[in-house]
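Okay, so chain A shows up in both of these, paired with chain B first and chain C after.
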Partner chain A sequence: MKIICLQENLKNGLNVVQNIIGKNLTLPILNNILLITDKKQLKLSTTDLEIAITNYIICKTEKEGGITVPARILVNFINNLPNKKIEISIKNNIIYLKCDNFKSNIKGLDIKDFPIIPKIKNEPTLEVNYLTLKNALEQVINFTSFSDIRPEITGVFFNFSSDKEIKIVATDSFRLGEKIIYLKDNKINKNNQGSVIVPGKTIQELIRILSNLEKDEEGLVKISIENNQILFNFSKIQIISKLIEGSYPNYQQLMSKQFETNILINKEELVKAIKLSSFFSSKINDIRLKIDSKKSLISIFSQDIELGENLSDLQAEVKGKDLEIIFNHKYLLDGLNSINTKRVFIGFNGETSPGIIKPEGDDSFNYVIMPIKL
Partner chain B sequence: MTNQEIWQITLGEIELSVSRANFITWFKNTNIISNKDGKIIVGVPNGFAKEWLENKYNKLVLKALRNSIGYIKNVNYIISSSPEHQVKTRQKARPKKEKINLDLKEQLDIREFKKDEKTNLNSRYDFGSFVVASFNELAYAASQSVIKDLGKIYNPLFIYGGVGVGKTHLIQAIGNEVIKTYNDKNVIYLPSERFCADLISSISNQTIEKFKDDYRKFDVLIIDDIQFLAGKEKTQEIFFHIFNGLYEKNKQIILSSDRAPKAIPTLEERLRSRFEGGMMADIGRPDFETRLVILKKKAQDLNINISDETLSYIAINIQKNIRELEGALNRVFAFIKLNNIIPNQKQLTKILKTLISNPQKRTNYKKIAEVVASFYDINVSDLINRSRKKEIVKPRQIVMYLMREELKNSYPSIGTRLGDRDHTTVIYACEKIGKELENDETLEQELNLIKERLYNNIV
Partner chain C sequence: MKIICLQENLKNGLNVVQNIIGKNLTLPILNNILLITDKKQLKLSTTDLEIAITNYIICKTEKEGGITVPARILVNFINNLPNKKIEISIKNNIIYLKCDNFKSNIKGLDIKDFPIIPKIKNEPTLEVNYLTLKNALEQVINFTSFSDIRPEITGVFFNFSSDKEIKIVATDSFRLGEKIIYLKDNKINKNNQGSVIVPGKTIQELIRILSNLEKDEEGLVKISIENNQILFNFSKIQIISKLIEGSYPNYQQLMSKQFETNILINKEELVKAIKLSSFFSSKINDIRLKIDSKKSLISIFSQDIELGENLSDLQAEVKGKDLEIIFNHKYLLDGLNSINTKRVFIGFNGETSPGIIKPEGDDSFNYVIMPIKL
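Take a look at the complex of A and B:
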């Protein structure tokens, strides 16, 4: 193989693929990046046998070929080169790199031993604008569970059962976020309606890659599903990941539409008051919300026997019953921080039922939060 | 040879010709899914393994398979998650230590809300996990027709049976199924104790009319353990009105109890006749085969591999109660998880000892005679003499029955003790009482009272 490409292109390309590489002792080749020429482009691939990322970058191909190279050394070396042309050639499983007046060679392994990345032959289930997808995923990704006791909630749930919308859900069983993406013309392929659970790690990787893409308002992500695998395909980058098996909790019943207590409140003020209160909350992060509908007031109160206490009163539009309810402040803040509107709607149904937080006048995002029982 | 054995042999051969790392990475969690007409389908855990085996190791696998079982046409690979694979990944997953709050306050989590707030039904109970067999098929069939034709054929549906035979499971499954089948039905499930509590609070808040109206809005009312209404007169009265209101509007009512309406003491006559007016179905005790099926199903749900011998050991020894059956299985499961070994017969006996052997009840012949005599208000000597008066014969037979059942005395020795009677007399008495117990609810209650006195030292 012999190719010439720009340092910046190669650097960016490597950054896209290198993040999933960890330390794999049983199969050392998984610590390597695959470099191979494909249709006059350079293809970079990595995998940890659960996720695989492939990225094509532009280059001038003089001779076809390929190699796998340890990721860390290659990435570090390329990152620190000047932005000039790099000449890459391979001989006997050794890669020779030449840039400006720097030269180096790195020992690699044969491409024959690199895992074959599965292909998905199905038509894409749907296409969605990548900015929309990124924003939606960012809104819920922090709510996934990290505990492996229930593997199904360590992932993000995608529901494509209607042809007009995708529901994206994450929960750790204490709170739950649901984001709905309304599709305009990019309808869901009828044959593939259903739902899948995508591992949290895959979604984090997806968000990271989407955030680093060049801004392109029209860019689309094609999503295909087959054989327990999901493929996110955007022009030059493909992410393929296994799915989590199991059934996602039936969360619909938590999404009440009717509330005994309805609140509309300025989000920033609420966030500030909760933050202030959080300094005084006890070990279990509890803060107490007291809702008074006559005075249109929400009092936020927290107390630590050793530290002291804090009380903030906030004006709000309150309709319905008075209520005293206790929450973990961290969960409240997580939910509020996923909302971008000036005011938020909060609905409660008594002190032991889940509360719902959502942006004012926007039903596409719902945050369900479980209270702390007295 | 089973598929598993074939694959073991094949893997043994493959292991020799590939490196350890490759073997572990690509052949872990694979198995033969089907073997038909020389075509073998191998299940692999993920897409990577599939690609790799198809493209790199296909020849090797084929050769090894041919060496082990002879002619093979071809091998296909599909992605499947075998149960073993799931178990393994689960074991690997080590839960992070979560902070344990010793505080009394408790963060609620969504799992607790498996229970639907509105209907109170627990979605865990469905027909999929309900094992139907001869002991409960009548109740099951009645439930199915109730779902098909709400409020019309069998109203009320009255399910009764002993502790832990699946009454709650069945009636909640009906509720869940109704919600699934019809979209617009208002279903409510309540234990009768909750009904009473709500009623009492509505009485104290003077909102009793609202309470009644609230209940009349439901299309399906399910009340569990209705026998607890016994002795609560006001509650029975209110329930009577609610019952009538719903019944007239053809709304379905489903009740469960641990005994037949007839046998519920102090249940008002008008309620009793209403309960009996619909469909009564009893759930008996599961037979051995059914118990085994239940255990197998449960073991599958828990994702554990327990040998059939172990399961049948549990099924043989725990006979009456499905809940205890599950408890026993859970114990074995916990043992396996803790020690990572499959228990042998000896260990098994030890694990299940407390469940299987009932605490030794201590009593003796004299006590039985005394308690029975005082219960029926006769003299102990009457039990021994030759009188054939009806009011004496019955207690005497009950004493024989109890000596047989509780003390496990032999027939002749019982006969000798009770005035030198022939052992056939004793056999007849025991059989008679045993038979009557099945049909006569009053006798059953009497016996229960006697036993209570016997073991609580009340004479």
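Take a look at the complex of A and C:
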């Protein structure tokens, strides 16, 4: 192999693929990045055997070839070079890099020992605007569970059952976020309707990579599914991941449309009051909300027997029954922080039923939160 | 006690004093901040028994009094209040705080159980511009030792032996930084000439607090010494600290004025090349510098048998003998990062003697670095 590429292109390409690489002691080649020429492009690939990421960058190819190189040292070295041309060549599984007055060689491993990156040949199930997808995933990703006891809720649930919308859901059984993307021109391929659970780590990588893309309002992510694998394909990047097997909780029963107590309240004021209350809450993070419809008031109270207590009174539009209800302040804040509107709607059906928080005048996002029963 | 103060004043005051508080399990009152009225001011104090910090803030005093309050919850609560008036009152060792629509009470401990904050009555040994002092301390603070084996080098050495200058020194025995502050109008009090070793933690606090001060080019720090204690007094703030006993290494012998090899080189280029080299250095962080006076070249080489190798060539003004010398890249970078000039002077006296790095055309800062002998 002999190629020439720009430092910035190679740096950006490595940044796309390098993040899933950890420190794999049993299979050291997984710590490497695969570099292989593909006509006028250099293909960069990594895998942790669950996820594989590939990115193509532009280069001038003088001689075809490939190698796998330890990710950490390659990334460190390339990141710190000036943005000039880099000459790359390979001899005896050693990669030679030359840029400006800096020269390095790094020992690699043969490409024949690198795991095969799987391919998906199916037509895409759907295409979705990349910014819409990124924003939707960001709204729910923090609600997945970290416990291996129920692997199905460590992932993000994608429901493609309708041809007009995608439902994206995450929960850890204490709270749940559901975001609906309404599709415009790009309908879901009828042959591929259904639902899948994508590992949380894959979604985090997808968000990270989409966030680093240059803004392209028109850019589309093509999503294909085949043999328990999912492919996200966009902008010279392919992320392919195993799916989580198992059935996702039937959460629809938690999502009431009718509420005994209906509240509209300024989001920032509510966040501030919950934060202040959180410092005084006990070890189970409990804070008490008291809703008074006559006074149009929400009082937030917390108490720690050793430290002291806190009370905040907030004005709100309240309709329906008065109520006292207890929540984990962390889960309340997580939900509110996923919402961008100035005011939020909050609906309750008594002190033991789940509450719902959503943006004012927007049904596309619902945050369901279980109360604490003392 | 009953007072009214502005949230911003109290927040800033707490920020000055709160940082030395950790989690003291044997003497819980050390986790508290002392609040006590002093005419039209509120005095805030903390101590870890090594350092004590006091800060006065403006308030409207309706009734005198005092209390000690757990630092963490008080700071968290005050930081998150809006910038409005806070009403503070005390009853039965509970502090009651009211701001806008937020109310809290926090359980405190009686002021009579709080350790006595020591006082220094001596006249200041010297006064020094706060920005000059802060910059000087920042240049050397990272070179102190963390090992308890030689407590004297865990501190920063202040030498007030001349009445015209202060020498400020830090070392961990592998490298040493010396900064000289040349005094103008403010001479050192002749009765108090001598030298002291101030704990690194005290200097870090002093830097942190000076960095958060509003810029006051004329501001002075008064330094007083008495009974193995030092006082830094400025802007309504007093930091009083124990000194480290013991004698500081006689480092002057390391500071050559004459060199066999003299180099002037662009600092940023040198930093970049050392950084690139560092990725390929072995476990002892060694990189090799080869100085060639005929070619006006410094070559930087590093090699890790498992990973690969790196070579960078840099143009430089070189006078004197050619040389090959090995350094720890971390210590080289630390020294260069303490220097702000575009070019640096580097002087060597053979491959086994310490090298010196200093800003071009400025003798007030010297960085001494020991070579590695393989």
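A few remarks follow.
The working rule: the second predicted complex is superposed on the first by the 374 of 374 C-alpha atoms of A that agree within 3 Å, B and C clash if a C-alpha of one lies under 4 Å from a C-alpha of the other, contacts with A are read in each partner's own complex, and residues count from 1 in each chain.
Following the convention adopted for this analysis, a contact is a pair of C-beta atoms (placed from the backbone, for glycine too) under 8 Å apart; a residue touches a chain by one contact, two chains touch by 3 or more.
Note that the coordinates shown come from a computational prediction; the quantities given were computed from them, not determined experimentally.
When the two structures are aligned on the shared chain, A:227 is found in touch with chain B, with no touch to chain C. Judged by the touch definition given at the top, the superposed model places A:371 against chain B, while chain C stays out of reach.
Applying the stated contact rule after C-alpha superposition, one finds that A:102 touches chain C and leaves chain B untouched. Applying the stated contact rule after C-alpha superposition, one finds that A:353 touches chain B and leaves chain C untouched. Taking chain A as the reference chain, the count of touched residues is higher for B when chain B and chain C are set side by side. Residue contacts after overlaying the shared chain place A:47 against chain B, while chain C stays out of touching range. Across the superposed pair, chain B and chain C touch chain A at no common residue. Those residues of chain A that touch chain B in the complex are listed here as 26-28, 47, 49-50, 52, 115-118, 146-149, 151, 171, 173-174, 176, 227-229, 240, 242, 245, 249-251, 253-254, 256, 282-284, 286, 326, 328, 349, 352-354, 368, 370-374.
Touching chain A in their complex are the following residues of chain C: 70, 73, 76-77, 80-82, 94, 101-107, 272-273, 275-276, 279-280, 306-314. Chain B meets chain A in the complex at residues 21-22, 24-25, 46-48, 50-52, 55-56, 78-79, 81, 86, 89-90, 93-96, 98-99, 101, 103-111, 113, 116-118, 123.
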